[in-house]
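Consider the two complexes below, in which chain A is the common component and chain B and chain C are the respective partners.
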Partner chain A sequence: MSRSAIYEGPKSGHGSRGRAPAGPGRAYGLLARYRRYRGPLENLKVTREPAKYGYAVGRIKVREMGLLNSQRLGRLIEADFDEALHILEEADYGDYLKGSRVASDVDAGLMRFLQDLYELLREITPAGSHIAEFLLDRYDFHNLKVLLKQRCCGEQNEGPMLDLGTLDPEALRVALENPAKLPQHLVGPVLEVLALPEITSQWVDTVVDRHFFEHRLVLAREEHSGFMEEFARTSLDLANIKILLRAKNLGKDAGFLERALAEGGRMGKVWMAALVTQPAEEMLRALGGSRYAAGLLQFLGVEDEQIRLTDYDKRADDLMMAQLHQARRIAVGVEPILGYIRGRENDVAVLRIILMGKLHNLSPEAIERHVRRLYVDKERL
Partner chain B sequence: MSRLAVNPNRMELLKLKRRAAVAVRGHKLLKDKMDELLKQFLGLVRENRELRAEIEAELAEAYGIFAMARSEMTAQEVEEALEYPVAKLRLTAERRSITGVKVPAFRLTAEGDFDSYGLGLTPASFDDAMRRFNRLVPRLVQLAEVETAVMVMAMEIEKTRRRVNALEYVLIPSLQETISYITMKLDELERFYRTQLMKIKSMQEASSGAL
Partner chain C sequence: MPNTFGGLTGFQWVIFGAALAVIGGGIGSAMGITYIANVAAGILTEDPDKFGALLPLIAIPGTQGIYGFITGILVMTVMKPGAGWSVLSGYSGLLIFFACLPVAFNCLVSAIYQGLTASGAAGMVAKRTEDAGKALILPALVETYAVLSLITTIIMLIVAIKPTITV
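So, the complex of A and B:
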């Protein structure tokens, strides 16, 4: 799948299909067409035509050996910065990080790694698959946020754009001048942002992020993969919970949450938005009835009317990784590709945490507290 | 100690005595001022030391949290999230007086929330780091105020000390030396005139006796 300047819809082996506008109504319609998720193992093989991913899976299975493992991770955590770079030379990341001295070097090295990884993804993605778009469109939404903020603040500079998505950032900038030229899934957030009575940086992020999660769910459904759908819905749920808990801590009202929470999750948006008016303990108790109580919410506490969220991201990421780890049990399909790419992205996040921690002189124990579960780490599952 | 180059006469002596009295009084006043400045200065230094230690510890903690939160995102994502803050800070500088020394008094007014980013894709620890930074801003301004006051006071103390020393070791001794020199000179003149008068008188008496 090659990257287009302007989105033209996924290329299908069965001819190009047009795309209906993304939105909750369509999402629920699609939902009815596919099986609901009933457990981690039941939906493992629902990809339509798994054989078309055979070549891609073959390519990535070879590369899985280069993923970080717990043994290497332990050595990295204990090592100092230079030693850590030396250890990484044994893995696939060494060439990208060689000679790094400061945080920006680490960032640039890891960014180069991601560029190569996504290049591989584009190369191996079969026609008609949404997997590349599913994994990369967060960068398009990121660029859209940058451009919308610049437009609202009357600025026109390069900005912190990321050239990793499915759309060329400059083409997106040009297309934003005329929203009709934008890809269908980006029209909604742009029009919603421009219609806001007061456009602030936070509202831009809030609206665009919500559209991102909803769009990803739609893409997962279009891929006909229960596993991907499960992944998209879990990440949407975890983001919704995070937004709710943070909104409570920051004193936001239900109106904010109605705009911020994404549709299509397992928990009702209206129900969640109403929780913000309740005391923190009550809110946690209400959320405790969800499927995320055991691995995530039970670890949260309340201190001075503030919900302690220190470990939330780590636990949420670990939960996602535990779910993703099931993909390794599937021989052929879109799932191992999703697992591998997310595994690599997780490695990049872990490396950034370790190396930044080392650069900021944080203790190994402090770094270890933030390090995420690895994709190939069986022991920690 | 150098003596002043003045004519040794009663007029100068009177002037110098007046100047010496003023210098002694000025010296005493300046010394009192310096003592008071030192007292205030030491209080400010203590306050500054405590405040700085507290702020440095809090900043280290906030930066630690921010460093970890920042490492969970790419540099571009962090920049995107924080590029356009909503919160506005207004800092006005006024002046207050500590024992006659004008030091700055900063007044900070803040409007708008510190959270100018989306809550879905940024790490939750971002809030904690931002809240800590937000709480630290008024304290940093307070620290700046105290540190500037310490600097201004130190300069004022130095200036006062130079004046006190100049009075104590230069002006007053030279005035006193000049006064004693003139006094001595005048006494000598008086003795000379007295002797001269006595001599003339004795000569007159001798000549009248001879007649």
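So, the complex of A and C:
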């Protein structure tokens, strides 16, 4: 399968086929360099990766034993809140959640766990690897969105900044006063937002998210990891599909989508943007030819020209987790690290759903409906 | 003056072959051990009690270096003609050189891949120490081909080449 294959609908054609990624110039330079050196580097990968990532993989292989599995998950769902905390002591989470009584305690405990997890990631990441940046950059982009909304839209309640990324949030706040001091990958979104004729909260989200997905793809290519690139492309595609579906529901035009959709996914941007002009049923049928039909798009329904997006996020997360399962078949390399960190993040999301559900007296059945697929569990979905 | 083959004397061919065997096996073992030792270091950082279970996995890619060393010693001592290296013809030296090649190349490649296999097997030990025995079997299978190359090299040296240098 060609990595550069772009899905632009069935051969009968839908809309424009002309595509030429028009991402940032830096991304193009890196992509060209990547393509030029990819052959020989790929050939050496089998011996390069174990030397580079061996230590990190050794560390996480032991820690993988603490991940949630389906057996623990079943017990957690059935248990009451206190019993659930007791069960979590078997899975590395107990110390962080001990003594939790209310939702803020749970959130604080899980946040401390993530901080320690990312500290471990920084510690084991070898020099020259982009895996930490690849996994943590999203917090920088999140913080950037918060700051831009505060500065340009006057919003003060966009949620707290998260001290989990590669940049100190306060340093980012200071650097935003002079965009030239920002890291190169954050300059683009800031300048683009500031150049908007009308800066709204929605446009800040749209522009920054697009830059985030495109930047992550560049990082994956710089890492020369087909697995990371595939992961970045899939998440980019899923975000693009969600934008398209929401744009259809809101009656947006193709022009909006051409500015909102990110470049570099498996599905052509121009082709996707053109779909918004079609009836909802037609649009879903056209998207149904893509690799995301099974497990995601087939569950979407249409009612009065409105596409129901219920469960879209959960199914998209499950799809990503299914892709990450392939990392468990690779003995040594960047893949098991990516899989482990994402697996832990997924555990945190699952724990939050379960514990919040317990605190709000939801039934086990109701909680189970919202629980995501686990990294170590292949049976669900 | 001993006759030469390809511009090299018999002794020069012998030195070339012995060096290649030692270098091939040595490089392979060094790389293989590096791979598994990196993984083992990570596992031991988390759980030092697994040292005993991991040690055989770390050591096993080192055998190819020993095979290369054995070949080098064998060539430089047993193959030496009674009247000294000066009587060894260029053609005989070339045969000894060729006899060194199975170990030189096979040990280079098999040690690297054995290190990779051992790295994967170490993941089993990381999760279940009691599986250390099973985990050792996997890289040990790769060892088979290094052993076969050593046997082949020895047979080639003794059966095919030794008579030619005693004539």
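The rule is simple: the second predicted complex is superposed on the first by the 323 of 381 C-alpha atoms of A that agree within 3 Å, B and C clash if a C-alpha of one lies under 4 Å from a C-alpha of the other, contacts with A are read in each partner's own complex, and residues count from 1 in each chain.
Just so it is clear, a residue touches a chain if its C-beta (ideal position, glycine included) is under 8 Å from a C-beta of that chain, and two chains touch if they have at least 3 such contacts.
All values reported here derive from a predicted model rather than from experimental measurement.
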item: Three-chain arrangement built on chain A, chain B and chain C clash or fit; value: fit
item: Partner chain(s) touched by A:R344 [first = chain B, second = chain C, both, neither]; value: neither
item: Which of chain B and chain C A:V208 touches, first, second, both or neither; value: first
item: Residue contacts with chain A in the superposition, chain B compared against chain C; value: B
item: Touching partner for A:K358 - first (chain B), second (chain C), both, neither; value: neither
item: Which superposed partner A:T310 touches (first chain B, second chain C, both, neither); value: first
item: Touched partner set for A:Y55, first chain B, second chain C, both or neither; value: second
item: Partner chain in contact with A:M65 - chain B first, chain C second, else both or neither; value: second
item: Gap in Å between nearest CA atoms once chain C and chain B share a frame through chain A; value: 29
item: For the chain B and chain A complex, residues of the former touching the latter; value: 63-64, 67-68, 70-72, 74-77, 79-81, 83-86, 113, 115-125, 127-128
item: Of chain A, residues touching chain B in the complex; value: 103-104, 107, 110-111, 138, 142, 145-146, 149, 153, 159-162, 200-202, 204-206, 208-210, 212-213, 239-240, 242-243, 245-247, 249-250, 260, 262, 309-310, 312-313, 349, 352-353, 355-357, 360, 362, 366, 370
item: Touching residues on chain A, where the partner in the complex is chain C; value: 46-47, 50-51, 54-65, 124, 331-332
item: Touch list for chain C against partner chain A, complex; value: 31, 34-47, 112, 115-116, 119-120, 122-123, 126-127
